[in-house]
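Next come the structures, one after another.
In the two complexes that follow, chain A is the common piece, with chain B as its partner first and chain C second.
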Partner chain A sequence: MENTCSQTPEQDALITERQHSIVTTGNTKTSINCTDDSLAGSVSQRACVFCGARVVLNPVTDAVHLVHGPIGCAAYTYDIRGSLSSGSEMYRRSFSTDMKEKDVIFGGEKKLAACLAELAEKHHPPAIFVYSTCVSGMIGDDIVAVCKEASLTYDIDVIPVESSGFISGNKIVGYRAAGEALLRLITPKEGEVIEKTRKLNFLGEYNLGGEKWVVERYLREIGIEINVAFTGDSTVKALKKAPGSCLNIVQCTGSMHWVANQMYEAFGIPYLDVNFFGAENTAESLRKIAAFYDDPEISARTEALIEREMQAVKDVNEKYRKSLEGKRAAIYVGGAFKAFAIIRQLTELGMEIVLTGTQTGKKTEYERMGSLLNEGTVIIDDANPAEIEKFLIEKKVDVMAGGVKERFLAYKLGVGFIDHNHDRKDGLIGFEGAIRFTKEVYATTCSPVWKYVRHEYGETDQ
Partner chain B sequence: MTESSRNTCPDTVKLVNENQCHMCMPLGGVIAFKGVEDTMVLVHGSQGCSTYMRLTNVEHYHEPVDVASSSLNEKQTIYGGEKNLKKALDNVIRVYEPKVIGVLTTCLTETMGEDLNRIIASWRTETGNDHTDIIPVSTPSYDKSHTEGFWTTTREIIAYYAKSGVLPHARVNVIIPHISTADIRAIQQMLELWGVAYTMLPDYSMTLDRPFAGKYLKIPEGGTSPTEIAEMGGAPLTIQFGCTCDESISPGAYLRDTFGVPLVNLPLPVGIENTDRFMQALEEHTGRPVPDRLRYERGWLIDAMADSHKYNASARPVIYGEPELVYAYTCACMENGAVPSVIATGTPHSHIGPMLKERLTDAIEMPVILEGADFSMIEKAALDTGSTIAIGHSGGRQLAEKHGIPIVRAGFPIHDRVGGQRILSVGYAGSLAFLDRFTNTILEKKYASYRTLRREELLSKIAAVPCEGYITD
Partner chain C sequence: MLDCTPKGPVDTHKTGTINPIKTCQPLGAMYAALGIHGCLPHSHGSQGCCAYHRMALTRHFRDPAMASSSSFTEGASVFGGAGNLKTSIKNVFAIYNPDIIAVHTTCLSETIGDDLPTIIKQSEIPEGKYVIHANTPSYHGSHITGFSNMCKGIVSYLAESDGNPKKEQLNIFPGFVNPGDMREVQRIVTEMGIPSIMYPDTTDVMDSPLLKTYEMYPSGGAKIEDIRDSGNSKLTLALGAWSSAEAAAILQDKCGVPGVPLKLPIGVKATDALIMAVKDGFGVDVPASLEIERGQVIDTMIDTHFHYQGKTVAVFGDPDLVIALTEFLITLGMIPKYVITGTNGKNFEKIINEMLEEAGIEGSKVKAEGDLFDLHEWIKEESVDLLMGNSHGKYIARAEDIPLVRVGFPISDRAVHPLMPVTGYRGCLRLIEMISNTLLDRRDRDAADEDYELVL
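Up next, the complex of A and B:
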């Protein structure tokens, strides 16, 4: 295999217009382009606005999620998340108005209204989220008006989510649409008073593989209750109590910073950024929360918990570090929050990050990312398979962390792969998640299977 | 608010589609295009469409599946997507250097009324590119399902390449429905055992199920070559496994009507009789008897059917998925004495209803037949009719999860297990493989619980008998 790793971004991009979306750390003159729409024909890994809204709201367990559009959008997101529920399973159903040609021509509002009637009568849900899609947005269906009327008729929350796919090529816009829908849901009606409590809300936590429950257990052990998570294992009723919390902790910043800001403005709830991915991050986050409550009892319990759990993590990491030290890793994930966590975890295992990037990172996030990495690391915004392939080969990557679409490309190139996506069935959060992560990194990076794969490539030096 | 044409189940009138059993038209188009040599697919619409179609394929095939998008945003939705489509063509050519680009519309660009032919012609004038084949296909997903997307695209590929005046040749056209790559290879192997030369379309057996070998290619080798497709009009015969396909989108009918190629439209060869029909067609075409190997395979299948017939007779399967597959599996089940309880397809436009009724005349109990179905309908019918086992794709996973109805996985997409692309069901050998999976699923379920179930059932019956007046000692 060739090893012609170039350091100047101008030579890196396969498509000229993508040059400024790829930078190399240490090359301080260039800053990354990360606000552009995806380039037509570049085979972006990004999804759409609808997708962003759908993934954020989906874990609201007892709500009906109705997609207003032709069948595809609902079909591709049917039960798509590994979010677990302690109660209702309603959220796992995928409802679609299944727009047909005549709805596109004559307008889909009537069908939407009829579908809402059917759903309200059949399921009596506490709330219905109505997602607009490309076509319903394009033909100008007034979903706000239809939802308002249905809301009055059936006396439940029927909430429009303005998530037409074409609004932007960036999922983040969909996160905002979801955030607006959530705020609409939790804003108390006139005259309604929400009781203030010492509980906190956990924003940007989706309970994949039960991840929220892991953190809930830690917090309970140190003496703090979670009011509700946005939106993992949440119910409509619990979400409506969110304004009564004394603190918001924000994990997935991409999806929830804006919501946290709005909740500060509207309800005076302060917020803290947390990150429970990786043992160090988890310990730091717990300390931050404990400090907010400023209670010696809580602090003491926090330190005891951290000490106990850290020891377990340390033992495991020491065992595997020997095999992983010096291996070269690539990271390509949806948002920067996840990238930061993985960079830190892999670095703790003695691995070198040689390539990283996100679908939706912001400029400040990329700057911070650059500061965490060694010189010469390639950073890509909105990468495509051709670029990922090129750098996996050039940078001689041993293991990659990413989502489903990248997985098999890595395998084809003889590169191990760590799943960090909606597809997961086992959580990666907290101390126990950190242990699982280390074991997975080892299992894939050091798998004997790569011997055969690389042999096919004619590599003999592995 | 009724739309009774959506299903033939008399007491179900519904509007909301809950848990989808089918996908959108361009998805079928993507798969068909992956069966043409050196092709890249470009979906004209917003970014999400291509991402979702990639994801669905990646999760099923466990292969990298690149699909480009023209990435339309609000501005282009208002002013038209011409500029984006042209730029997308440029970029796809720059990075992938394909010989063929398949361009599929989406519901968005169909609603906008984008004229692909005009845009492509204008792009050719501007760029001077006349060597890249660009095949536009209209796939409005508010109209039909991914099944029709597959057939329509296959037909359009032929319409683009096939020429008149081609010299007659001996290669038989073989047109397949959306089946697993293992099934494609099995059909090819049968043709090879017969010594029949063929042009198969679309052949995605190597592009969506790549053997590991050497250097990674952005567009994998394999697929039907345009040269061969161009000559399909000179073939002596078309064999199409597309009984449920409407004439208006039938690739075989196109070849018959345009070039006079005789069409033998067969059911997918799953089960004895359907495979016999395929063999018979080859016998008539070649004038030779069935090769020994296939005769043995037929014998092994019959032998196995006898071995497992009583187990199979105990099952009431619910069969769901794409019409062509559903019909074939129904036939195989009927031959094995397993009378289906529910037969369902998400596709509303196929010819499966009358075909099934004809096939089910001997059924001791008539199954519920659903067209244009979703999983809320399928689930209800399965429970109402006492289904004990399911045959179909991952969309039905809640049947197993919620109701303990185990699924024999078949069709597309299969994303909660590995090996969806390796599921073999066609031919005598494939039917036997299917039959064993089916029977063993029945047995596995039975053995997992029969001791407890029988004990509880029979002991509770004893306990229910009043014992007053009996001599107890």
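Up next, the complex of A and C:
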């Protein structure tokens, strides 16, 4: 397909104010801007504080998640998370106070209290998370007080999550609000003692498509138990045992570094960064964890597992490498840890990364990203569709890894697509996830459908 | 989720909403705005909403939905969003170069009380370009209200009358339906030989073909000059009371074009009504081609009536759709046992109850401003043979082992539906096909070996 950019050249898709949010490896001296608010008027792919808090907390399976605001915020997050549960399905229901005009004028606290009463009495959840949204924050509803009151009346944890969307355009602020809520939940009540164990907590793992279960299986094989994940397939009861762990491993750093630091300070639990996306990363992470336990038995089992699984991955990758070698890829995902993993995996398949970016990357993460990439690769923070479009065309991209809003843009440009979003249901973690990823990359990059796109009318043979 | 109701006797909840059948106004406004050619919808509020609406539309239509945001942060929330909107308008024209920006508010900018008409007047708008707006607070109504409000905005800003005797052309407000439905309605009217102006018109925007180049503003959408000219039309048909009636009323007031409110043309009766309105309005005959189509529907109904007649069905979704669909289901001899919408409006219950009464159907439950939790509780008490509604119904369908026919918005787990009509006679055939085949599939699945038949 002959593609021209839908933007006229003089506009060139690049807003001057955004110049510093886009760098090219090798030839830009300045470092990337990534903490700026999105420009007013841009078509940003970013979401809001509420969204950040909601994605982090939502996988707590037996809690009621009550969104305090007009219906929209709750409706858009109604079961769109791919987190699986081994027990309760409570978390997948969409609870909202559904604020109306009169609540906005007279305040929504009464309605919130009434909802909490009905939910507590009817559903008996062990905890209710109450999310504030733009409107409830704006009109100044005191959700902290209402939650406290309900907590005392019904003797369950009713935890406010201060996530009004307008506080910032950056989801990270919402991650922090979720982190605060989690700490509030797990901090032992006065006089309560949590028994110390040799188990670890898995922070920043949301059990998308059962991903937590995969890692849990690996760890069990090498002799290590997961206490609880934050927050994939977790329950309120299990989370409350978190302070008893000997180690926190952190995968999604954007959402959980802060929590890990707090837990170190409060409970003395050290943490390690891990990344189970991609075979090499998985092996490295397992080794790191084994080294922490410093037990020859664990180390031996770890090496055996890695050897066995790596062989399987190698076999698959070799099979597909032939078709994928030299193809050009773009990556635009939410967090940097995912970008790192995808860069590595695609590079292992012989593909060339020509464009990367994230919604919420930090400066140091972008620097590290730059060091992983060949010269000439474009790196974008908070990209808008016009920029993505421009670079997909300019860099003649064959396949893109991204989230739901990028999918159809890529397709329209004749570019293959791999979903690496927080709502996917097929896990991509661990060795088996690496294999699935390779197969997906192959399926979309080499699909016969592109023959119909890239050729003249009536010609479809390559 | 699969079993989403608490144990114990049926007791629908009294506070809040659980598992909504609606979403908020801005989404509807964004969808309506996408039905103007060369338009970039703009969400005046914080980024989250805009991202969510784009995502929700993208999931349903499987096409990119572009829209910009005023990107409110705390500053805007304290000092008002005027600065953000002016900067946005400047930036959007400079970067994305649309013909028109359609601004809608969010609950946040409404709560702050931003005065949009004034801010727009004070903004720099390039020669020949337009900025229009609609107030769409999320704490009132639903996405259907937002769709209606943006339609009103389009009329108030753009439609004009030259004051000459009216032209032999028809305006159509299609309601919140898929592009496939809009195309079908246009086809019927064209078949009758009447030139028409439809807006919003999302054909070739949200079902855009993959051609050689990608366009940020696809070729579809109602042209501004046509919208302007709609003030000179002879007649307006407003399809769907919730989504279209108010815009038609404004056009009537503003330009003197008489507006006829109709149901969404789903089902034989409602399609007949559409065709009769065109026939009466323009004094044309119904062409043989449409009579043949209608005859095919009747013929098919006879061929299939025993598949579905007497079966009970639960219908949920947007009010205009549910009303027309319920009418059709009654025509098919089905029994709408539960009829529910998330949107408010007292008329909903009245209209449905009258239809049921006329058909002699007793014991049905009807509710406006309900949710899927209510529906699930009812179904637990007494089940039905078929569910009809959007994808969110799939959990009830599975938990209670009831087949689901997907119709309405949003449908996030099936493809092709935005291109296929449920309106017009063709839509009747498609609905019959879906209903019949779904029930027959179920029958095959449940049949004992000795009852498993080749011919059904």
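A few comments on the model shown:
We adopt the following convention: the second predicted complex is superposed on the first by the 441 of 462 C-alpha atoms of A that agree within 3 Å, B and C clash if a C-alpha of one lies under 4 Å from a C-alpha of the other, contacts with A are read in each partner's own complex, and residues count from 1 in each chain.
Going forward, contacts are C-beta pairs under 8 Å (C-beta built on N, C-alpha and C of every residue); 3 or more make two chains touch, one makes a residue touch a chain.
None of the values given here were measured: they were computed from a predicted structure.
Applying the stated clash criterion after superposition on chain A shows that chain B and chain C collide.
Once the two complexes are overlaid on the shared chain, A:A40 sits against chain B and chain C alike.
Of the two partner chains, chain B and chain C are each touched by A:F166. In the superposed model, A:A74 makes contact with both chain B and chain C. When the shared chain is aligned, chain B and chain C each come close enough to touch A:K405. Once chain A of one complex is fitted onto chain A of the other, the partner contacts of A:E101 extend to both chain B and chain C.
Look at A:Y264: by the touch rule set out above, it reaches neither chain B nor chain C. Counting contacts as defined above, chain A residues 15, 37-51, 66, 69-79, 92-101, 103-104, 111, 114-115, 117-118, 134-135, 138-139, 165-169, 385-386, 389, 404-405, 407-409, 412-413, 453 meet chain B in one complex and chain C in the other.
The part of chain C that touches chain A in the complex is made up of residues 1-4, 6, 11, 13-20, 22-27, 40, 42, 45-56, 58-59, 62-64, 66-74, 76-77, 83-85, 87-92, 94-97, 106-108, 111-112, 137-140, 142, 208, 210, 212-217, 342, 373, 392. Residues of chain A that touch chain C in their complex: 1-4, 6-8, 11, 13, 15, 37-51, 66, 69-79, 89, 92-101, 103-104, 111, 114-115, 117-118, 122-123, 134-135, 138-139, 165-169, 385-386, 389, 404-405, 407-409, 411-414, 453. Within the complex formed with chain B, the residues of chain A that make contact are 14-15, 37-51, 66, 69-79, 92-101, 103-104, 111, 114-115, 117-119, 134-135, 138-139, 165-169, 384-386, 389, 404-405, 407-409, 412-413, 423, 453, 456-458.
On the chain B side of its complex with chain A, the touching residues are 1, 14-20, 22-24, 26-27, 42, 45-56, 58-59, 62-64, 66-74, 76-77, 84-85, 87-92, 94-96, 106-108, 111-112, 140-143, 145, 210, 212-216, 218, 376, 395, 397-398.
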